[in-house]
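Each of the next two complexes has subunit A plus one other chain: subunit B in the first, subunit C in the second.
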Partner chain A sequence: MILLIAEHGRGELNRATWETVAAAQLLAKRLGGLPIKIVVPGGSDPVAQELAAAGVGDVVTLANPALEPYTPDGYVIALATAMASLSPQFVVVPHTYQARDFMPALAARLNKPLITDVTALAGSADAPSFLRPMFQGKLAAEVRPDGDPPYFVTFQIGAFRADQVQRGSSPANVSTVEVAVDRSAIRQTPEAPFQEAQRAVDLSQAPRIVAVGRGIKSQEHLPLAESLAKALAAELAASRPICDSGWLPMERQIGSSGQTVAPKLYLALGISGAIQHLVGMKGSRTIVAINKDPDAPIFEVADYGIVGDLFEIVPAIVTELQK
Partner chain B sequence: MKIAVCIKQVPTREWQPRLSDDKTWIREQDVSYEMNEPDAYALEEALRLRERHGGEVVACSAGPARVQQILREALARGADRALHVESAALAAADAFLTGTALAGAMADEKFDLVLTGLQSDDQGHAQTGVVLAERLGIPHSTIIMEVQVEDGRLRVKRELEGGWFQWIAMPLPALLTIQSGINQLRYATLKGIMAAKKKEIRQVQPPAGLQASQRIVALAMPSRTKETQIIGGSPAEAAKELVRRLREEARAL
Partner chain C sequence: MQRETLDVDVLIVGGGPAGLSAALRLAQLQKQHGGAQVSIAVLEKARDAGAHELSGAVLDPSTLAELIPDFRQRGAPLATEVHSDRVYFLTTKHSLPFPIIPPPLRNHGNYIISLNAFVRWLAAQAESEGIDIFTGFAGQDLLIEGDRVVGVRTGDRGIDKRGDQKPTFEPGVDIRAKVTVLCDGVRGNLTKELLRRYQLGRGREPEQFAIGIKELWEVPRDRIESGTVMHSMGYPLRHDEFGGGFLYAMPEGRLSVGFVVGLDYKDPLFDPHVAFNRFKRHPLVARLLDGGQMVRYGAKALPEGGWNTVPQPYTAGALIAGDAGGFLNSMRLKGIHLAMRTGMLAAETAFEAVRSNDTSAAGLASYTDKLDRSAVKTELYPVRNVHQAFGYGLFAGLTFAGLNLLTGGRWPKRLNGVAGYERMQTLRSYYGDATSADILASNPASPSQSASFPVDRRLTFDKLTNVHYSGTAHDENQPPHLLVHTEVCESICGPEYGHPCTRFCPANVYEIVHEAGRPRLQINASNCVHCKTCDIMDPYAVITWVPPEGGQGPQYNGM
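Coming up: the complex of A and B.
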């Protein structure tokens, strides 16, 4: 059985869970038709019903008041207990910040392998393996878990498509399992989530975006990118390192920790294309990459690429646009 | 406060990958190395916490002899001493192995706070810190953007996705994985480099019988999901052709 841990917060299902349903279905098929079971820690009823309606597998709510709000300790205790009776072969979740918070502890507590950030399935039914990026996406590794199951897997956001989920003909069964969680064993005390000051710029609505990365080298060179943004009537954005350095405000950051965008045109200047950046922009309609490194991962998602010195190419584009 | 910071040695950003003959790892003899950038932010945060609360900062790393390069660099930036879990077998270790090896060497030190970067720029499992916390039996929180210490307790700002954050309190000792950009990095001064030469790097063996939990069966250049049209020529020619294609082909202008 493949056990899928649904992610939810504030009473809503995280949409990335659907991508993991699609991935779990592909894995189930590859392994000769394993059943899928979905576990909802903390037991949000609307979330369980939404998942059950898709008819992809039985839904089990792990009920204990100590699981709300989320804490890594609470989740590890409850899920480690549940694993013992459910005996899954695979445990799958989307590679979200929450998964990164509790899955390594859960797998380590059970002494089982955890393969993270998986982008594709490989191997055979007897020896399944998983593809995942390494070295900032410069290489792809095929990885095989060792030892006895269960094997824990997290799937990269955007690598599997939610619209590929094969829905069942009838809703699945929903059941509730009471799970014991000793509240005093939960050491983290979380406060309510909040957003920093309201965003002044909503990049998700911009039709065109010029984004800069480390290749811009210093803050003094930003006017060059600004001149191109102006010529294209585009918004200026950046990869994380640029915002980390304080060269542009955090609200202009694209990627897993910033905004997710899908403009008509995305022009990446000196951005190597770390996966954390790619997940925030690879849905753009037309992607242009300008980078001195022909092997930069950004070229894997680009429609048009220019390999060369952005300090020469960008002024030439501005001149061309002004003609 | 006794603070440990775990740092990893990874290939430099400029490194062009070349594979080993069996295509399950990289050709290490071609590689130049540097400190994993997310770990540099963890080190900086440790140094700042020491400035505020006193105590010592111990830089820890697991790997072959070559990782002394980054331990020496951490000492030059201000760490007080270093702990090196030395084994050639740890060069390509998965996070499970690295976390367990570090725990074996660090447990006796009874650190109040352990910091790591949120992930490494080489294997990128994003697991080592959390595995280490589990092995040390201490609470953890991940992807942290601010650290406050008061009356023996931690209050940390955890980054959630899409611009959301959350404050989390927990007792010490604890482990935090630090988000890049939490602070502005300092670099080693000449004085720091000189002082680092006299600082201790204690070498310890990893616990016996460590076993990997996963193996790399093949390593390759990633397959392209899109056919990228590379536009060549001089900057002026390339610019002209790009603008033409964006207008006529992609209709993006």
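Coming up: the complex of A and C.
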């Protein structure tokens, strides 16, 4: 059985849980159709109902007042107890801040393997394995758990798609299990959660990026880059001068003072390639640069370089892509 | 708003050679004299001790030997002893070695060091004496009550660019002290405020500054012998520009290459970074660097005015030491040992004042007597006029320096100087007729020899690339730390001087962008390497440098 720990806070389900449902279903299929059970620590009724409605597997809420609000010690105690009675083969969670907080402690408490930040599944039905990034995404390591189950696995946010969850035809069972949690064993006193202003776009997750630089000349020309981004289903990003001028929001800036990205395809339009920009994108799988200046440093990192006028080349590419 | 306060006896602002020597000296005095503990705190704006320390550097170990006699056993990071001195006069293509090394440039017995490593070591010595060094905290404002300095307020953290509080907001701390020792470096923001408020520079010569730009290189090991010190005069500077280049060879092919330019040049289109690039492309330097790799970059201003420009270094509750007070010997190109010495003397003054419970101006005035009786005056007084003599041009300066040497500095008259930024001439007066001035003003990539130089990205780099190698980093979402009266830029400074800030800044902080045909000054504050040149050199004195959020700025590892 695959046990999925749902993440919730203030009565709401963390959406990343759905991605983990999708991952758990793929894992179950790979292992020849293992059942999935979802556990909701701290028993929030609306969360349990929402998960049950999807009909992906039985939902068990672990009830104890000490589980609300979240503390790592409370979760570890409650879940360690639950593991003993449920004896799952895999325990899966989204790789959230909360998971990073309690999962290592839980795995260590039970002395079981923990594989974190998994991006893909691999291996065979008898010997399943998991891919996880190493060296800031430059390598993907294939990791196989060793020893006796349960095996703990966390899935990278964005690696699996929530919209690919196979929903059941009928709602699943919801049951409540009382767990004993010794309050005196909880060493943390949580304060009210605080949140930094959220980033609206996370370019680090984009598989394709079209980035514009000074060569775009004026804000009126941005739709040209947007049309290319749309044709490629890519995110639009920019080098610093563009964001400094306010033509694109700061959150779309790539480089040492912006985001670091490593997409499969990086298309640089009119970007000269100042080192501050290069450090933010040189890990991209394939780099295509279009620039008028053949001596522009961007060509030193580009896999494909086009020396020419982006105002001629980009429309031609868009036309080709739309064919 | 509720601010935390911390009370100490002596607060030292700035954890460089002066500040850390002051702290160590205080700890020593405490041990010698016993009695009630004098509490000490050191503030340092860099994230780690030494991260903002930049110098050539050749260290005269005389002060170190007094402060820490067993410095060798304690593993002071002195990269190598100097065993060869060379001085060259450069022309466009050639280099003429000086047949004899002028005595001020003889470095026998001195050491080539990384000031960054040296200060990290000094900080470790201070910490082992139980001294608290608060790294990542900048002194933002002086705390003043009545007519005395009572401490320093550190900068707030977590303020966004509009001045509103972010969720991470933390108000600055008021550190109250009986004596505040300002060691905030060349053109320190607090010292600047103190000098202005109490007119401590009254009756003194105007301060003089230079900018030093430096790169650390790794070159093939057999290229130049470790322990070699080279200095140059002449090219690429013209006779009315003060300065020169330096090359210091350390073990394992590490080479410091730098260029110093007096911030009193007349040509508004002059760019110190261009001069540095030209120096590196001179055959003498290029053959040493060729095939090597630049690993770090940085810049800092230097106080070059000498003895006659040192302000009154004390006021009620405060003392000034190190570069902040202008204690640097520009003839020997050395200031670290003087910073350490003045830090120690300030510590002695502060210790006596705290013990005798008199930290008034009168109680601290003995600092001046201590300086007068010390090696600081012995070294600086004889050369008090030399920098000012260079105001009359290179050859007049050299002649004067030679005469000064022969006479042991006996010269009846005080040579007057003017503040360097006032010497900068307008485009029209420097370049003559109106048309060429207009052409230059409208064309930032001007034809002037000193304003632009193509870079090859091997030996020479553009400023933006160099800035990357300074490791500087600032949160973008914070109030600007360069306060500029921008209305002057477009209407007056552009037409008259052609935006010299875009050239004297070695870190590409100032950029003119043309929007709808109008020039607008864009301030890339996050590029700043804290060199203070803009605060010093802008011709209208409309730029004020204040500390950004603590812990930000360059990372001068190995510099």
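Here is the rule we go by: the second predicted complex is superposed on the first by the 194 of 323 C-alpha atoms of A that agree within 3 Å, B and C clash if a C-alpha of one lies under 4 Å from a C-alpha of the other, contacts with A are read in each partner's own complex, and residues count from 1 in each chain.
Just so we're on the same page, a contact is a pair of C-beta atoms (placed from the backbone, for glycine too) under 8 Å apart; a residue touches a chain by one contact, two chains touch by 3 or more.
All values reported here derive from a predicted model rather than from experimental measurement.
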Handout entry: First (subunit B), second (subunit C), both or neither touched by A:313
Key = first
Practice task
Considering only touches as defined above, state whether A:257 meets subunit B (first), subunit C (second), both or neither.
Solution key: both
Exercise for the section: In the overlay, answer first, second, both or neither for which of subunit B and subunit C A:297 touches. Expected result: both
Practice task
Determine, under the contact definition given at the top, whether A:146 touches first (subunit B), second (subunit C), both, or neither.
Solution key: first
Practice task
Please work out whether A:271 is in contact with subunit B alone, subunit C alone, both, or neither, and reply first, second, both or neither.
Solution key: neither
Practice task
Check the residue A:179 against both partner chains and state whether it touches subunit B (first), subunit C (second), both, or neither.
Solution key: neither
Exercise for the section: For A:244, decide between first (touching subunit B), second (touching subunit C), both and neither. Expected result: both
Fill in the blank from the handout: Partner touching more residues of subunit A, subunit B vs subunit C, is chain B
Handout entry: Overlapping contact positions on subunit A, where the subunit C interface meets the subunit B interface
Key = 194-196, 244-245, 256-257, 275, 297
Problem - subunit A - residues contacting subunit B, complex - result: 72-73, 96-97, 100-105, 107-109, 111-117, 123, 129, 133-147, 187-196, 199, 208, 214, 232, 240-241, 243-246, 251, 256-260, 264-265, 272, 275, 285-289, 294-295, 297, 299-309, 312-313, 315-317, 319-321
Fill in the blank from the handout: Interface with subunit A, subunit C side, in the complex: residues 166-168, 457, 464-465, 467-468, 473, 476, 513, 522, 524, 526
Handout entry: Residue ranges of subunit B touching subunit A (in the complex, touch as defined)
Key = 11, 13, 15-17, 19, 26, 95-96, 99, 118, 121-127, 129-131, 133-135, 139-143, 159-171, 174, 179-181, 184, 211-226, 228-232, 235-236, 238-240, 242-243, 245-246, 250, 252-253
Handout entry: Contact set on subunit A toward subunit C in their complex
Key = 194-197, 244-245, 250, 256-257, 274-276, 279, 297
